[in-house]
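Structure record follows, encoded as structure tokens.
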């Protein structure tokens, strides 16, 4: 797929992450025990054979860059193409959720101008999916459309999602907020490189708008189509989205579809000793990452690397991030615990299934190494 | 070509390790999996990397493909690639024909050009299949302080085991006075770990001499060291303290592995300052199913456990289906234990599938071993 | 040198680069045909055996990141340690020339906290030198000083340089502006990690100051020493500094000292065909990079990759950056020509030896691919 | 382990290339320098990379060290390392002992396990020492369209040269009807380039058959292809157009190199869309001194020219001192031509030093060749 270059937007945020994204971008949110959200966009791109990918970074890019490192995990450490780290505008600092800010693209237009590829695949960095982009790309190329938007039937209400309004096959516009059965825009679209560069020229005065906002008056004139994806896909805009997507992976079928060994989701390699379940432990229906040491009970939960669950401690229906320690007798239920937290002896942390408790990082212990 | 090197390592990884039977039928012993995610060679390579040695020659000969692919350019162990790195050194053909490595000393001899290229002051000679954590800098410091021409790393072993090793005697300064390869009646319990440091000049000179000697078996322990001692050369004994093991047989492989499941394992895998590194692919997080039962286990990335697993080590990417039972066993990477199969007191090779209902091993018998990439069916084996 | 981590500051700028640093940081200024200024700081660090290096990036970091890529050119693509890309404060956007802003360090304090090394070597990204840091490090460790500053006898007047005031061995303070024979601070110092972290705590209210400004009242109390370096070193703050440092490399001795094959200055590898001198060309006393095609005359100049000098064209005492084309009969003298410029047929570009002519990038031709 | 591969390449790099004399005394022919910064293998590897082939097995045998180090993990040619990459495949020892590769077909036969591991639909077989730029996708498309079991890439050669090649005849559909290895009286001038695509099944089957044939020399051109034709199998002829050269002798190496200095070289090194990549270390920029004279030259990174250089190619890191003269010559990487030395109509090997005042070659004589890593002194040669 030398004909297509990728552009991943990681310069947006929301306020609905209850503090989990205060010091990191949504793109670098830890997920499913060892991944970060941006892994999905990057892996899907390279699994489709795209070898030149631009990543528009948020202002707070340290945690993202720590993760991305060399790009070698995604085989993007290359002479031709490779991974381009592109600074996003400071506009992304305000909790605005526009995914494809014109100014983010303009200030990195060199990435587009330097390329010789015909098409650009743009996608957001907050989508959990394992999609083969190739049929989508083929459909766009064959249709000759100006833009092809990737959509899916809505599976739940989401105030942050974007609904596509269509008349027959023709896209008339989008609006924010989606419901079940709506055509949901999966924040992924194909456009020719030339047309995208033209947009930058035409709308040079309107930097602080999303590319789909500036299109408002043009939907009529342009050939904008949709392409329907029926695989698993979830977008993360809020703590609920985040929690539910983690829990979805306890479903064998979804887990198998997302972590397909033939189209692997790649992430940064870290050396970590294997997970260790001790004689008295009880573990069920959970993801237990390497470096975990389990003496207690874990059920219906996702444990990131290096989590310790001591004897008699109970973790249920929760997401526990890296290097947390759940001391003996403590109980954690319906919660998301950010990294480096210590849940003291006998302490009880409880949310409820429709109001997940969130503990921000390093709340209970002196600051430790890590991010 | 960067600076002159102080010390480079030559890692002997050519052996088959035939006493590991089915486990080394298609791969070299240093490539055998250990602890579910490591391979034997990880320990020596990690030791080198953690000891600040940035150049390693790996001498291969027996079925090196898996090993070569695994080592790659050594980046997984933080070997840099500009000034040094890891170099695979297979036997090769010259204008006068090709020659296989005839012994450990011969293998180094055939690669004197490699030594000359890097021109180090000292050469560290290692085996690629030992399990230990060692900072070679301490041994090198000792070698330099004692002003010896060679240093052998040693440790005390049980007296009853001593006749399995090269056994040495020393004077009070640690200078070696006697060396016997596998003596029937050992005079001491100080055993060579097969780890040598040589002054490069001496090494080169002695290897050239040895190559001309038609009676030599071209082995460090059997030929080079005794020869040097016979000449009255100063060979220093470095005493290592800590865990070290040459896992050479199925029972010792099994026991050493299972010890990782004890409350206080002898060999501790984790150490932030001196980490054991490995070259892992990305596998998803360990999945423990709704009906799974897991007790006292080590479980690696990519495992999916739906059945029952007790006192066992599951290598990366293993699958234990519903109704399957794995007890007191070691599953090497990418095994699948199918529905209602039962694996007890066994070692199952990499990529092997135990089909539904098959029973492997029993608690009281010998350790059952199934080789790599087999498919075991009910009522008979099929490759 | 696992005892020392490195921190390179690239978040500062000056206004005296005559537009050459408008779209790039000083750290990413192209230099000596194929290098960027930051290569010197990075290479000196790794040649001293330092394997964990933080690079505080400027707000406009795209060109710097393009160059740094994976860090693999400096062998910093590692599991333990490696290269950490650290976002600088937006404060570096204003053309302030403070090299070690407290806020730049504070907002990346995780890099320091996470480390287990005892010392931090801080250096600026605008110094051209090939220094063996090891004796400097050893001297600092052995002296037990709180801070050791690396200095050199001033070789020329420089309003941007910083002068060290001493009484005997004791440093009393620094001031801006240096003259011949002054003790010039080479913007490089060693400090213990603990002490640097303490500074962040003590001066938590004074973010927008350079670390040596906050020390004003402390020079008395602290043990701050200097270490004298007598090798070649030039700091680039202005176009004159930049031009002269390029020209210095036409001196065989300086060239040999800087590009020492045993302590190589490393840079990003790019595949480029060899330089080609055609039959009628005349080339003398010059650096001619790969990809150059020379038909005309080049004397006393530095040509970057892919420069074409057509028949009858003359280039003298000039720096010509990547992909420029000097058309037939054109004359370029006493000039710095930024990349992608076309000097048309017969055109004459002339500065003078004390007033170098500067042409910013892509002035004369339509925008072409490149940065 | 990633997806099934469509096509992988097997690159034969085991040969000595003895007709290159001193240039291949200590390195394999594919490692010989070309154009001052490339090595012969760069062209095949770049072609693979540019053709979207992400997995390459490199079969080595003769003095592979420089080649192995140079290839590394293939990253210099943009081969990724997770799903594919470049794999060095030396001869190896099995439980029944070690065997050297006996011919091109035997080399592939001994690595059937490698083919099975990647399980491609097609296998592309290449030589590691040819100079050309070729998009193998076009050949593969042709192979698939013609529904052949094998395809040979060919080109028209001068009639007088034809007897040096494998010569084919085809029917009007491009199906090969006859193949003769180096015929004395060639029937056509359509020459095999030694580039084959096989359906993997066919290849495996035929290699197994060939291995059992005691009369076979285990060579593709001499054994496998004639056998298939004899069986009436459909072998397709793909006609390549463009520059291609097997630089096998000193004169052809010299001429092909010097052609790079002509006004319109036959082989164009630069092509942004299909670049020839190489694995270069970082060398500083070319330095041309105050008193230097340079005329019609190719000069690589790291060169320092203080003397006079005419009609010559200077490899990376070469130094020409004041008063030295280099004319009509090729300096391989890292040569030094000292004060007042004179090199004319010569090829100087890598890392060789021509000391002050020494005169090598003359304009009218044969091409003078000095091997790698020599030091030539006034009044006599010394290694």
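Note that the chains are named A, B, C and D in the order they appear, and that numbering of residues resets to 1 at the start of each chain.
The working rule: a residue touches a chain if its C-beta (ideal position, glycine included) is under 8 Å from a C-beta of that chain, and two chains touch if they have at least 3 such contacts.
Quick caveat, the model's predicted, so the values are computed rather than measured.
Novice: Looking at C-D and B-C, which one has the bigger number of contacting C-beta pairs?
Specialist: C-D
Novice: Quick one: which chain's Cα centre is the longest way from subunit A's?
Specialist: D
Novice: I'd like the Å distance between the centres of subunit A and subunit B, where a centre is the mean of that chain's Cα atoms.
Specialist: Whole-Å distance between the two chain centres: 40.
Novice: Approximately how many whole Å separate the CA-defined centres of subunit B and subunit C?
Specialist: Subunit B and subunit C have C-alpha centres separated by 45 Å.
Novice: Provide the C-alpha centroid distance between subunit B and subunit D, rounded to the nearest whole angstrom.
Specialist: 37
Novice: Send over the residues of subunit C in touch with two or more other chains.
Specialist: 72, 77, 79, 264, 266, 269, 271
Novice: Would you please write down the residue numbers of subunit D that are in contact with two or more other chains?
Specialist: 75-76, 81-82, 275, 277, 281-282
Novice: Name, in rising order, each residue of subunit D that touches subunit C in their complex.
Specialist: 35-37, 76, 269-270, 275-278, 280-282, 284-292, 294-301, 304, 313
Novice: Quick one: which bits of subunit D touch subunit B in the complex? Just the residue numbers, please.
Specialist: By the definition above, subunit D touches subunit B via 14, 16, 18, 25-26, 60-65, 68-69, 72-73, 75, 81-82, 85, 87-95, 98, 100, 113-114, 281-282.
Novice: List the residues on subunit C that touch subunit B in their complex, please.
Specialist: Its residues touching subunit B are 51, 72, 75, 77-80, 116, 261-264, 266.
Novice: So in the complex, which bits of subunit C are touching subunit D?
Specialist: 32-34, 73, 252, 255, 259, 264-267, 269, 271, 273-279, 281, 283-290, 302
Novice: Which of the residues in subunit D end up touching subunit A in this complex?
Specialist: These residues of subunit D touch subunit A: 1-3, 52, 75-76, 78, 80-83, 272-273, 275, 277.
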